[in-house]
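Notes to accompany the following structure.
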Amino acid sequence: MRRLLITGAAGQLGRVMRKRLAPLADTIRLADLARLDPPERDEECMSCDLSDAAAVHEMVAGCDGIVHLGGVSVERPFDQILGGNIVGLYNLYEAARAHGQPRIVFASSNHTIGYYPQTERLGPDAPYRPDGLYGVSKCFGEALARLYFDKFGQETALVRIGSCTPEPTNYRMLSTWFSHDDFASMIEAIFRVSTLGCPVIWGSSANDAGWWDNSHLGWLGWKPKDNAEAHRIHIEALTPRPDPSDPTSRFQGGDFVNNPIFKE
Amino acid sequence: MRRLLITGAAGQLGRVMRKRLAPLADTIRLADLARLDPPERDEECMSCDLSDAAAVHEMVAGCDGIVHLGGVSVERPFDQILGGNIVGLYNLYEAARAHGQPRIVFASSNHTIGYYPQTERLGPDAPYRPDGLYGVSKCFGEALARLYFDKFGQETALVRIGSCTPEPTNYRMLSTWFSHDDFASMIEAIFRVSTLGCPVIWGSSANDAGWWDNSHLGWLGWKPKDNAEAHRIHIEALTPRPDPSDPTSRFQGGDFVNNPIFKE
Amino acid sequence: MRRLLITGAAGQLGRVMRKRLAPLADTIRLADLARLDPPERDEECMSCDLSDAAAVHEMVAGCDGIVHLGGVSVERPFDQILGGNIVGLYNLYEAARAHGQPRIVFASSNHTIGYYPQTERLGPDAPYRPDGLYGVSKCFGEALARLYFDKFGQETALVRIGSCTPEPTNYRMLSTWFSHDDFASMIEAIFRVSTLGCPVIWGSSANDAGWWDNSHLGWLGWKPKDNAEAHRIHIEALTPRPDPSDPTSRFQGGDFVNNPIFKE
Amino acid sequence: MRRLLITGAAGQLGRVMRKRLAPLADTIRLADLARLDPPERDEECMSCDLSDAAAVHEMVAGCDGIVHLGGVSVERPFDQILGGNIVGLYNLYEAARAHGQPRIVFASSNHTIGYYPQTERLGPDAPYRPDGLYGVSKCFGEALARLYFDKFGQETALVRIGSCTPEPTNYRMLSTWFSHDDFASMIEAIFRVSTLGCPVIWGSSANDAGWWDNSHLGWLGWKPKDNAEAHRIHIEALTPRPDPSDPTSRFQGGDFVNNPIFKE
Amino acid sequence: MRRLLITGAAGQLGRVMRKRLAPLADTIRLADLARLDPPERDEECMSCDLSDAAAVHEMVAGCDGIVHLGGVSVERPFDQILGGNIVGLYNLYEAARAHGQPRIVFASSNHTIGYYPQTERLGPDAPYRPDGLYGVSKCFGEALARLYFDKFGQETALVRIGSCTPEPTNYRMLSTWFSHDDFASMIEAIFRVSTLGCPVIWGSSANDAGWWDNSHLGWLGWKPKDNAEAHRIHIEALTPRPDPSDPTSRFQGGDFVNNPIFKE
Amino acid sequence: MRRLLITGAAGQLGRVMRKRLAPLADTIRLADLARLDPPERDEECMSCDLSDAAAVHEMVAGCDGIVHLGGVSVERPFDQILGGNIVGLYNLYEAARAHGQPRIVFASSNHTIGYYPQTERLGPDAPYRPDGLYGVSKCFGEALARLYFDKFGQETALVRIGSCTPEPTNYRMLSTWFSHDDFASMIEAIFRVSTLGCPVIWGSSANDAGWWDNSHLGWLGWKPKDNAEAHRIHIEALTPRPDPSDPTSRFQGGDFVNNPIFKE
């Protein structure tokens, strides 16, 4: 690619991907509402409020691919989610439509299905069971992406990210961990494959204790290499065993089901 | 019920249900942003902008059941859909949570799945394929309702309405027609059944040429009585045969797939 | 048939079937541990304790068909269930094996799946979720029947009876009612079809509010004629509305899930 | 339609359809290798050997629709099946491709799945289990039709005819009967629907004892009106009960599984 | 755990697990009707007849987990199976209910499904097809365990053990072998996971030629390490090739389908 | 085996298998219409036109196993396909029936399903979607093989070969490659297993980017060892990236969907 856009580039995951995705394009365009580290060689930095349609158009113009990590990525009051994840997503897809339909990696979330029990294994077509407003906004996003695919042919990978951290650090992450290496290689595969369509892709490593079934994806030619199981001994040594009666250890969404937003 | 709320009561469908649902409750509360006909005996009228949280709370307070027909019901620019169907729905569910969780009939739509071909028969778990922004807003609404069910036990019937009109008047309605009688008897069954949960229910009559399979619903004890087939001769006599190459006659969403909003 | 055996013939259902099945065979052999009304023309009466193997062999000898209604038919302490429904069933199948393998109608029960929620529709292959020891004994019986089919070719209809009563008399029976006429015509079809195998058959009438799907059964050539819905007004007038928080109105097994046996 | 072609028009079924389909087109073109009754008003007659490509092209030219009943319709030695059902079908589809792709009703057969047991209910996607060379030739035909649909958009209804006779006359036909009325109304629906695609359609009436599930077909707007069950008493009176050990009464294909061709 | 109970501890498998499971608890309680080797450090030995309810209560009291290997583990006459596997299992679950519901590993068996052909791959929900009375008793046990889960929340792992031996020693074991290491690590995972529920788990190693699909189990975090394929050359060298016409080499239950019990 | 027949032995794949399968039988009989290299030790060579029934009978007589690679293996005009793949296959199965029913490996093809999109993963029961006349002939062959299995017990492995070449040399082969080693070990497993039946087996290596799911096959005890992914860098360096708008990169059948035969 000539220019790859990474949104939410100032966030934790964005800063990681900024480095790892550099080989994918001549120029990496980095965008965020928060302050970004200054551009290095072959980088461009833009400030962008996703709820500002004109700004989003400017951000998208000239890009051949988009890794959309921007917007709110944890549970927040509805008005905060509305701007970045609802209006912002609409703005992003309208901008993509206006600017040549670059392929999009959409950072969706396991919180679209967080109310399934941890003893169930899910395929890509399991009906939504979001665990909070953040999860609902990601359901909205997936539906919007599908609309633009059916209507305009816009391709998107709907990546339902588990826990994308340097290492798994608690019991739940034994099931949900998605290593930085595996996410980076997945993004590479998404941009490499000649036809993408608009598939749901579970964003997790090859965890022995995984909940999500990516076997529909053979054609992508991507195989995760990491396995949270390698960290089990460490986790068992350092963290307390989950209480089975706590919703946190019963539902896939973990502590999102004990959402404090609604407790006000 | 003591008090049943009908939102969108000034609309075409709202005016019909206002009359037919009267026997279900001692008082019918009618709400709309548009002007309502003056209240008759056992009716209350309220003006309510769904995007105004306080107004929605006031509207919901004191009701034992809600038939939510309000919001935008056709394709519209995104900013119009945002207020009524996104923010408005959040307001409605927060109000229901604050006011005793009255059972809700949510007027969802076949436009959540409008991009399926007309030669496919759908069950309730078919993944979303919305045909426009309106359809996407209904996907959002269904996901939000499911969240409130899993988190708080709020019961909702997700009724994906086909074409709810006095009579079927074109070829597509031979498949999608939902008679006023059948919708009214469905609402009655929804409020009658002792456990509802949060099911998807296809809103269509017993049409010979129907696309949607309600066989998962036996337990509701509802059977549609009307069949659009009885109107076929009339329709064939009065309306031109659809052109097979037109998307309108290939996809279940009909002319929503030729959405003028996006043509600007 | 020359001789049809009805076990449990002194029970409520047995007394009904005694009359209705008379046309199916030259002789009806009636058996029960309890006292039977004296034999009428073309009837034979036998006392039989199902847990007594020799008695069961004697009872089965010479019969061309068996309608097995015998054993315990409600929740009871385990030792009572053991004799009639576990040992008794083994005795019955061994006797059938020794005496020409007459086709068997086995009165299984909806209590094999009583812990499914009332909002779910079940096919014949849904995994067992019994609601009590009685239900577990019927799971045993179905497994035993399947063994004798696979090993010896013994044919059995595994009829999961709902509520076989003269009329539906409460809310749950709107879903579970199985009219005497429909059970009798089902038994007739079971003995009429040239190949039976060992199918699960839901024993319920054509109830609008039914939970069970017999669509796999087309080949049997049996259609129920009755519909509990015709009795809804009567039931709603005479019985109190079920409390939605009571397990009785949440699970298909009804009040079996509030099983007093385990309360001791 | 202006001109509808019926092949195999001198056969039993062809002679029936010749009369019944007259209202569907201005002109009915009748073709067969066997001698046809002379044309009546609005009819044309052609002699055609299906294995002669040029003759088939001439037969198809100028037609808007085709009801293909031609070829061998019972079990025959392979060389006879080869000409009419293999080469002949290829000729027909090549001719249709050359002459405007008229919609085709292809008389496929239940003998494509004749080795399924009679106690199984089949949907349209059950893998083939043909019961003879005739059945294999119909599998070939369905695959060829699908190829022309995927490659060229040629629409075909793959009608797997059961037993299309004036009345059901034996036990098996209680399951397989397809009344002339129902076949005629099905053909009418096939030519009426605006998009057809290339669906499998089971050709049987609404028989209580039917084996085949057409519920995927809602969209066609066709409902069979007849039911072989009405003839059960007559059949039971006049024909001997099938022997359960005879393959004829175990497999859906009936006596085709006792195929004499292979007995040589 | 403080105290783990192993029943059937004097049996072949019990003696192996006695050693391997020692690290799982402070004290291992060993129980059997047969004579046990004397207790070593951190062990307790009890004699227990499973059909004696009082003895079973005493055995279960004070335990935090149970590995239930006790009862009859091969085909036997019904009266022997009745005591240990039917009455005994009821006693065990009643005792567990009275004593704090320790988590249970129930040694179920592949003989619950032994009549499936060897060319079929099975998931956990395949309907039962037991191959003998022993298999039927395990179906009973699984249904009983499910009842106690649905009614009381008692958690059980329903482990359908294949062939748990030191090494695979015949052709069938290439598919069914379950190494001691893999069973031990599975038990460890079962007691480790925070929520268990009541799942069916296939008890076999990672055999290339395996018949059973554990892919629903990801969440357990258990992966078998052994593969019977490593022993193929040895088996082919030492044992005669199975005769394809023998039921033993056609059905998954192997020689259980040639059950001598029924031959009397 | 004493004598293994390889048809099509002069072809590319035939020449490879001639060498690799030598250990499977005392004698390898090689047959082709084209000129074969002279027989080596333990080899026999025969010229055979598959459309000549007598020649095929002679070829098959005395063989214990058949690897049928013969016939046309690429898209060709229909008359060429007819002789080798339609008539020839019938001749082969009739000859096998007459000569002791040796087990057959039938080289079917991915072109039976070539019109599925590359973003779909297929199991063995996906309905046919052939991409050309060659693919249709393989559908015919699979149906014929199934007939001979159901009617006579003739066992066949229906191997849907992907791209069986020394190395993968283009983008599509990253998904379809079937290494010579993997095909040879598969054939070995097919002849080794005691019961085969008539299964569909996808002929591809363990490619990361594979489209086809062989997980139904556990029982065969065969695991592919090669993975086209190891060749990705080489392919990406040497071949142009496929154009996403070209059918070749959208459908599984690759350039067969641009079939020149039909372009005449």
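The first chain written gets the first letter, and so on, giving A, B, C, D, E and F; residue counts start at 1 in each chain.
Keep this in mind: contacts are C-beta pairs under 8 Å (C-beta built on N, C-alpha and C of every residue); 3 or more make two chains touch, one makes a residue touch a chain.
Here the structure is a predicted model, which is why all the values come from computation and not from measurement.
Fitting chain B to chain E on Cα positions gives a rotation angle of 180°, stated in steps of 5. Both copies, chain B and chain C, contribute mostly unmatched positions to the interface they share, with under half of the numbers common to the two.
Between A-F and A-B, more C-beta contact pairs are found at A-B.
Separating the centre of chain B from that of chain F, both taken as means of CA atoms, is a distance of 53 Å. Centre-to-centre separation of chain A and chain E, using mean CA positions: 42 Å. Here the CA centre of chain D is 32 Å from the CA centre of chain F.
Counting partner chains per residue, chain E shows two or more touched chains at residues 215. Taken as a contact graph, with one node per protein chain and an edge wherever two chains touch, the assembly fits none of the named shapes, being neither a line, a ring, a star nor a complete graph.
Annotation, chain-chain contacts: A-B, A-E, A-F, B-C, B-D, C-D, C-E, D-F, E-F (touch as defined at the top).
Chain contact summary for the complex, chain F toward chain E: residues 194-197, 199, 215-223. Listed in rising order, the residues of chain E touching chain F in the complex are 117-121, 171, 174-175, 207-213, 215, 229, 232, 241-244, 249-250.
The touching residues of chain C, counted against chain E in their complex, run 78, 82, 86-87, 90, 97, 112, 115, 125, 127-133, 135-136, 139-140, 142-144, 146-147, 150-151, 257, 259, 262.
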